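Have a look at these structures, which come just after this line.
In what comes next, subunit A is part of two complexes: it sits with subunit B in the first one and with subunit C in the second one.
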Partner chain A sequence: MNIFLRELKANRKALIIWSVCMFLLVLSGMSKYTAYSSSGQNNALFNSMPHSLKALLGFGSFDVTTMSGYFAMLFLYIELTVAIHAVLLGAGIVAKEERDKTTEFLIVKPLSRTAVITAKLFAALVEVFVLNIVTLVSSIFMVDAYNKGADISGEIVRFMVSMFIVQLIFLSLGAALAAFIKNPKASGSLSAGVLLASFVVSKITDLTDRLNMLNLLSPFKYFSYKDLVEGGGLSAGIIIPAILLVAVLSALTYFFYRKRDLNV
Partner chain B sequence: MNMYLHELKSMRRSTLIWICAMIALAAIYFSVYRGIVSDAAGFKRLLGGYPEPVRAALGISVDSITSLLGFYSMIFSFITLCAAIQAMNLGTSVLSKEVRERTADFLLVKPVSRSAVVSAKLLAAFTMIMATDVIYYLAVSLMASMVKTSDYSGRIFFLINLTLFFIQLIFLAIGVAVSVFFAKLKSVIPVSLGVVFGLYMIGAIIAAGKDNAAARFISPFKYFDMTYIIKHTGYEPSYLIAGAGIVIAAIAISYIIYVKKDIHAVN
Partner chain C sequence: MSAIEFKKLTKSYGKSRGIIDVNFKVEEGDIFGFIGPNGAGKSTAIRTLLGLIHPTSGSATIFGKSCIEHPQVKKDVGYLPSEVFYYDHMRVIDLLNYSASFYKKDCKKRIRELAEIMDLDLKKKIDDLSFGNRKKVGIVQGLLHDPKLIILDEPTSGLDPLMQQKFFELIRDENKKGATIFFSSHILGEVQRMCNRVALIKEGRIIKLEKMSDLRENNYKRIRIETPAAIDRSFFEMPGVSKLELKDHMVNFLFRGDINTVIRKISQTNIANLLIEEPDLEEIFLHYYEKEGETV
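So, the complex of A and B:
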């Protein structure tokens, strides 16, 4: 419990900064909505445009003139930001004891390594949850302020649930990498590299249908946001494997950390 | 000179990884180029059934983005994102790593002035960026000539790739300037990723659309407008000056602060 509280306190300032940034991101994103909604696309023609061309022109696959389509476009940036937070948090929370040369103070306490990791992962879980809620609340209020059409709060909640799962994937990925990599300083860069690669993969697979297999490598592509915009729910066929992935990555974190040769 | 060589050696591996990653990224994009050109051909046939104004509005942009230069300038934004992260990491870590790795006292007791230390380190980072851009340019022009479906202007292609160097310089300078303000920077990645992605999103969200001449000054990613370069075979002078101003100011600040900075031997 002490470790849990200690971690929450250590990350408090960073979490506040991140929350403010998320609020500002949603605010600035929504303030551009009026410009998009009034531009008026030719819809029939727009829909017949090949997928790859739409991606190149920067529309993505959403109709940005409607509120839910616009939010889906903005959501990709929101998701990227919180994913960066999650992966750095996951890597940092495991690696920082060695990085800051405090391992020996922690490990000599009468606690198993499993208990240490459990406390740290729970602290990280609480933080990504807080960030998710902050984003959810600011999105609902901001969207409401600009929305002239139908209420999309239900869709926003579904978006945020999917985002929470993506956050968990990156959190456990960062933690597993940090537990596995020998050099505690490299874990942050490596997990950020993995995140960047999966972001780029998600952008490349937008361009062509032939590389869809690559989407497996990119958690940004696990959920079909097109279905969410059209009012569909989250499919259990995606959520369950995604949760399993989180479970496997967390198990790997325990497994590697228990056997880890800690640098003092 | 020793400091310069030492820095080069310590940056060598990460620079090599970044170069490979950027070239691989460009290669993946170029590999889908032919497919997009054929997609576009089908779409243009479909456009024939639409009234003239619609055709004029969409047809032009379809033509220009499926030309090799148009396509490259679209995918180039992800390349610049990677390059900016590389440069910002380099800039943020080059001065701060001495304190972080507890080697500051070994370096600063040497009979060289602090400004000589800064100069050597900056020069080393600059060399690495030059190397990255030259190798990347050679690789990417080879790939472009392999996948091209019609001829393109080599001069414009060069001008587009040169912006990579300018953007890297700006982020390198920002990185150095940011790092001298921290007494001890525990970890480089959160700072550099925060700044780069922050400016990238500002560029993508705020500075998008029309009437944004002033907003574009906020994000260096928006200093070089590809459509303008392709059209005029040159850069917009006001943004070029703004970029140079940022680099000069940031480097001047770094020197001034680092020379007087309190650096603890053990902390």
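So, the complex of A and C:
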């Protein structure tokens, strides 16, 4: 319990900054909605764009002149941002004791490495959840402020549920990488590199249908946001494997951390 | 049961040497010195003992249990690392309370007592402390839960002589209360002052394991002679004499063996002054090192 509280306290300032940034991202994103939706001309403009350009801009399959389509486009950037937070948090929370040379302090306390990781992962889980809720509340308010059509709050909630699972995947990925690689200072940059690679993969598979197998490598593509926009629900066939992936990555974190020779 | 037991402990880091086949015990109630030059493997041995790193082969146990398999055994261990690093942005008292929170006992009173002995300001931020003051935080942090085994890795670096004095008194008091002390150092004087038994480590191997008193009394004498006239070097070249130095009218050497033979030898010449004393550990130690070096 003490490690859990200590981690929450240590990351409090960072979490506040991330929360403010998420709010500002949603705010600035939504404030541009009027430009997209204001006139029917835009629709014609977007339709005349080649698919690859639309895909690179993030709205290959959405109608961005409607609120739900526009939010789906904005959501990709929101999701990327919180994924960066999650992967850095996961890597940092495992690696920080070694990076800051506090391992000797912690490991000579009468508790197992398993207990250390459990406390840290729970603290990270709480932080990821808080950021998700902040994003959810900001999105609902800001969308409501600009929306002239049908209410899409239910859709936003489903988006955020899918985002939470993506956050968990990146959190556990960062933790597992930090527990695995020897140099604690490299874990953050390596995790961020893996995340960017998976984002690039998601952009490549946007451009063409032939590489859809690659989507397995990119948690950004696990959920079909096109279906969500069209009013579909979240599919259990995706949620369950995604949760299993989180479980496997967490188990690997424990496994690697237990076997690890800790740097001091 | 032994407080600490190393059984054929080997730890290698890839190609580089860690420690090789370390074998010894520290009995409960002992003050045990662990001496060797920097880089000999003292910290590696201690970190394996505490479960920070895994042994390549063999085992290291505390009160018969491995720290990795039985983390609860660590509740009786106090540890002072050679370099003290702590969480930034914490006050000393916050850090100590955090440390105390891992033990299921009330340590508040002990924290105040120790801070008073070590003259440590609990309200200061750790970031603002000097190296010596951080070391004091480390000492209080290592002792606040009244551990039964105290492991000290180069404890006195950074402390001024007055604080070292206080620190050694504190450690002796803990030992009188029943705590076992395991003390690594490359400063031989402090080991000499404190310890009952010692292990000498060099290049990852234990080269000598002895009672402090045996080590010192191991027939070694430091002999200094002043002669009225210069004397030929060959006069003192006899079995048992080592480190023979002649300078002006002074003769200086270490002697090991039957003291009568050297006394007879000295009596054959005219001397102005004679001093026979216990060699300090440093001399014996260097002697061991050199011997090792010759055989290699």
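In the analysis below, the second predicted complex is superposed on the first by the 245 of 264 C-alpha atoms of A that agree within 3 Å, B and C clash if a C-alpha of one lies under 4 Å from a C-alpha of the other, contacts with A are read in each partner's own complex, and residues count from 1 in each chain.
Operating definition for what follows: a residue touches a chain if its C-beta (ideal position, glycine included) is under 8 Å from a C-beta of that chain, and two chains touch if they have at least 3 such contacts.
Since the structure is predicted, the reported quantities are computational estimates derived from the model, not experimental observations.
More subunit A residues lie in contact with B than with the other chain of the pair subunit B and subunit C. When the two complexes are overlaid on their common chain A, residue A:A10 makes contact with subunit C while staying clear of subunit B. When the shared chain is aligned, no partner comes close enough to touch A:D151: not subunit B, not subunit C.
In the superposition on chain A, contact is made by A:Y77 with subunit B only, not with subunit C.
Legend: residue contacts after superposition of the two complexes on their common chain; A:G188 is shown touching subunit B, with no touch to subunit C. In the superposed model, A:G92 lies in contact with subunit B only, and not with subunit C.
In the superposition on chain A, contact of A:E230 is made with neither subunit B nor subunit C. By the document's definition of touching, of the two partners only subunit C reaches A:S112; subunit B does not. Once the two complexes are overlaid on the shared chain, A:E104 sits against subunit C while remaining clear of subunit B.
Comparing the two complexes, residues 100 of subunit A contact subunit B in one case and subunit C in the other. Only residues 21, 25, 28-29, 32, 35-36, 39-40, 42-43, 46-47, 50, 54, 58, 61-62, 65-66, 71, 74, 78, 82, 85, 89, 186-187, 189-190, 193-194, 197-198, 201-202, 204-206, 208-210 of subunit B touch subunit A when the two sit together in their complex. Those residues of subunit A lying in contact with subunit C across their complex are 2, 6, 10, 100-105, 107-113, 115, 259, 261-262, 264.
For subunit C in complex with subunit A, the touching residues are 47, 50-54, 68, 71-75, 77, 79, 81, 83, 85-88, 98-99, 101-103, 141. Those residues of subunit A whose C-beta lies close enough to touch subunit B in the complex are 14, 21, 25, 28-29, 32, 35-36, 42, 45, 48-50, 52-53, 56-58, 74, 77, 80-81, 84, 88, 92, 99-100, 185, 188-189, 192-193, 196-197, 200, 203-204, 207-208, 210-211.
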